[in-house]
Amino acid sequence: MKTALFIGRFQPFHKGHLYAITEILEEVDEIIIGIGSAQHSHTLNNPFNAGERIRMIRESLKEHGIDPSRYFLIPINDINDNRLWVSHVITLSPPFQLVYTNDPLTTQLFNEAQFKVVSLKMHQRELYCATEIRTRMLEGESWEDLVPKKVIEIVREIGGLKRIRNIGTTKLKI
Amino acid sequence: MKTALFIGRFQPFHKGHLYAITEILEEVDEIIIGIGSAQHSHTLNNPFNAGERIRMIRESLKEHGIDPSRYFLIPINDINDNRLWVSHVITLSPPFQLVYTNDPLTTQLFNEAQFKVVSLKMHQRELYCATEIRTRMLEGESWEDLVPKKVIEIVREIGGLKRIRNIGTTKLKI
Amino acid sequence: MKTALFIGRFQPFHKGHLYAITEILEEVDEIIIGIGSAQHSHTLNNPFNAGERIRMIRESLKEHGIDPSRYFLIPINDINDNRLWVSHVITLSPPFQLVYTNDPLTTQLFNEAQFKVVSLKMHQRELYCATEIRTRMLEGESWEDLVPKKVIEIVREIGGLKRIRNIGTTKLKI
Amino acid sequence: MKTALFIGRFQPFHKGHLYAITEILEEVDEIIIGIGSAQHSHTLNNPFNAGERIRMIRESLKEHGIDPSRYFLIPINDINDNRLWVSHVITLSPPFQLVYTNDPLTTQLFNEAQFKVVSLKMHQRELYCATEIRTRMLEGESWEDLVPKKVIEIVREIGGLKRIRNIGTTKLKI
Amino acid sequence: MKTALFIGRFQPFHKGHLYAITEILEEVDEIIIGIGSAQHSHTLNNPFNAGERIRMIRESLKEHGIDPSRYFLIPINDINDNRLWVSHVITLSPPFQLVYTNDPLTTQLFNEAQFKVVSLKMHQRELYCATEIRTRMLEGESWEDLVPKKVIEIVREIGGLKRIRNIGTTKLKI
Amino acid sequence: MKTALFIGRFQPFHKGHLYAITEILEEVDEIIIGIGSAQHSHTLNNPFNAGERIRMIRESLKEHGIDPSRYFLIPINDINDNRLWVSHVITLSPPFQLVYTNDPLTTQLFNEAQFKVVSLKMHQRELYCATEIRTRMLEGESWEDLVPKKVIEIVREIGGLKRIRNIGTTKLKI
């Protein structure tokens, strides 16, 4: 059985992520979806907590008919120590043989640990980009087309837009 | 939709856990299975790492025909700060309304946070007990009847018995 | 009895803080003054350690005749985890019903935890601003008018200006 | 001005602590009351959180007419690193010249840092002992005579006895 | 070039350690001496800080004519996470091919990481044992024969016996 | 005996460091070389792990004929708490009387702790500068003249240039 690791922060989960997962599942039997920076929330780069991101991914994959027996969702805390990060991921996760990523540091670290790293074809990369989506949320522009429907629902339900704007206007003031 | 939280360390996952999950799923729509002390492994109380425990649970539930869309598996790091533990669990997890546990401290902490806590009927509690199973593994007694088949396979595959015995004879010596 | 929380980093304690405390004490019986980022010192944003800030606040309030039985001073460590911050503050502090703040993130976090948050009228906000005061200290401009007299004395006693300038010229060089 | 440090965990604050504080205030101008293990709560050794302990101390001292301008209450987190503990305490606290303690490790650490350490006369040491009080709370025996009245009130208000008993029956079971 | 790792806590460095190092240097070109639990001191199991232990080892090896170009001394912090410990050691240290140890957990962890682990012949194991030496120090018995001369000198210079006895009589009392 | 402390991050070890060590050894008997930010690696500011830096320093000093009995190499973890940093360094290290540094914050912190701090004469400071060297490595310019020969060899052996470039093109993208 072939298992692949796919790591992201999913802030938020968007259509680019969804396409990547679909693509990877054509190549392997199972995919481990690692949710990075799991302990962070309520910052501009990480507005959503791990539980909210788990829901976004799980409900979107369900809506798109992806068989839940083919993926694992694993929240992965940052440990702020690149020396130990690959071991940290390996021991939090069922065994995998491949790593799908376009991130050069992730590539470097898994390569040094002797893993095979595969590049992702990215669909409309500039568009399906979480940084772009968070910026649009912050500035009141349209972002809904870039994410699965379920993500729109969850962001609404938790008051996500208001949260991002409150975070966005916070600076160290007092 | 009714969602319940069920937290354990699953060192290892045993038939008592399996019965509890089956029982809970008769009462609720979805169950969140929280894997506590996720960062620990290779100690007498926590011999298996989180990835190994995820496999034990997932493969056992699959073997017993439990629908993967009805449960979430969430590794939960210890934070060694009871003051913050409930908040830690809540934000790592999709929303839940009920907590199933027989542990008095877990009961106390979730009660103080205004959650409804439900006791588990335990099946042959003395027998289906992870401490008992680890002791048997350490002392070379029979433990296989107490866990699902898939757990036996995984313990073999990872050399779990040898690991436990090596840990068991370790003391601070030098 | 009505108790309010007022959180700041107090780097240093200035007249804006003093006015805010006076103002809040007109509305409530007791005020809990939370000293944020308590573990930090000797950085440009946090030049003073918690003990020094406690002295600044306590001696200034004494000088201005504020009854010590009406306030609590509570140092609050950063935990770098917004998910847990409100629980962290609550358990370090006697109970409170109101939070006074103008900071949008603090507002957001306490609102999500169902607390009532009240805005502060700020007196000459641009002037009574700790960032402005630290900049003046660093650049050798006049800052003494912006803080209570006792703060001037303490900054002198601990060699605070020299400290800030040494920190200010430090970069990662070697 | 002479300032003394007095450190305890105050689990709970009892009459022995109260007598010690009274005694110390006869010798010095101000006392810094350090509340150790501040981040702990809901364990058998540390059942009460820092906020609850602050209330116990503050309200008891008020009831006994101790002038609030003569003491500081400083919560002190454990850092689990004896090498750094004295520096940690010093920087969280206004300056002090004396340390009152009967604890040999505290004595050793402050002596190595060149502080003068003074022994406390303990009043009925076996009786006014937090371990004894927690044991009585756990086992349903009478403990109320050993603590100031305000502590009895607070323990009742927060459901402290039930909490301790729930913690007391918790073991690692599942 | 053949390099070996030898890890201990060296609380204190004793003749058994010295013999082991001599023995290992007959087999390999260089030895990396890892000083475990480096951040601990002033506890019964870890009375000496890392700097004191470095001195004990270095001055003893010098006295016994061991060439300083043939060994490395590396303090190694505990990380309390067995999953990551081998990676932690590897990245703090120059490369090594062999691990000398009699500790079953160390053996297990390095075996799982594909290192060759070699057992040490221990010289009078019951005698040359740090636990035994610390017990003798605590109880005022003779311990000096069990350690190199330089260790006796350093323990005296830092007041080590008084320190151990003060730690030994400390319990959580107040 | 006169012992000096010299702290750097040595990312990488360069000729300026080598000259400084030679210079200091003309004034003192022994030098303690503290390797700061020891737990970091694989970042733009800290590309090399502690083990790699230990090798760079040790092999370069050997090549330049510096007697290994005259220096100590001590990896020093960041603790992100300036309040405690001097105590942290002191207890990880054999005793020293002097600190050689040009860094104003290090100067400030050791001065507050009553140490004598000495400035370094820097040789061609703009050139022998680790930031400059890392920039050249990243941008493919010539850097080899600025470091000892052994450092060139080690950087090659570990694939250091490729590592830095991979880190350099990493941004938070997904």
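Order of writing sets the chain letters: A, B, C, D, E and F. Residues in each chain are counted from 1.
Quick note on the criterion: a residue touches a chain if its C-beta (ideal position, glycine included) is under 8 Å from a C-beta of that chain, and two chains touch if they have at least 3 such contacts.
These numbers were taken from a predicted model, which means no experiment stands behind them.
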item	value
Touching both subunit B and subunit E (chains)	A, D
Number of steps on the shortest touching-chain route linking subunit B and subunit D	1
Selected interface, A-F versus D-F, where C-beta contact pairs are more numerous	A-F
Whole-Å gap between the CA centroids of subunit A and subunit D	46
Geometric centre distance via CA averages, subunit E-subunit D, whole Å	37
Multi-partner residues of subunit E (at least 2 other chains)	41, 49, 83, 91
All touching chain pairs, where touch follows the definition stated at the start	A-B, A-C, A-E, A-F, B-C, B-D, B-E, C-D, C-F, D-E, D-F, E-F
Parts of subunit C lying in touch with subunit F, wherever the complex brings them together	39-43, 49, 162-163, 165-167, 169-170, 172-174
In the complex with subunit C, residue positions of subunit F that touch it	8-9, 16-17, 45, 81-83, 102-109, 112, 129-131
Sites on subunit B touched by subunit C in the complex	79, 83-84, 86-88, 91
Subunit A residues within the subunit B interface of the complex	38, 41, 49-51, 54-55, 58, 62, 68-69, 72-75, 77, 90-95
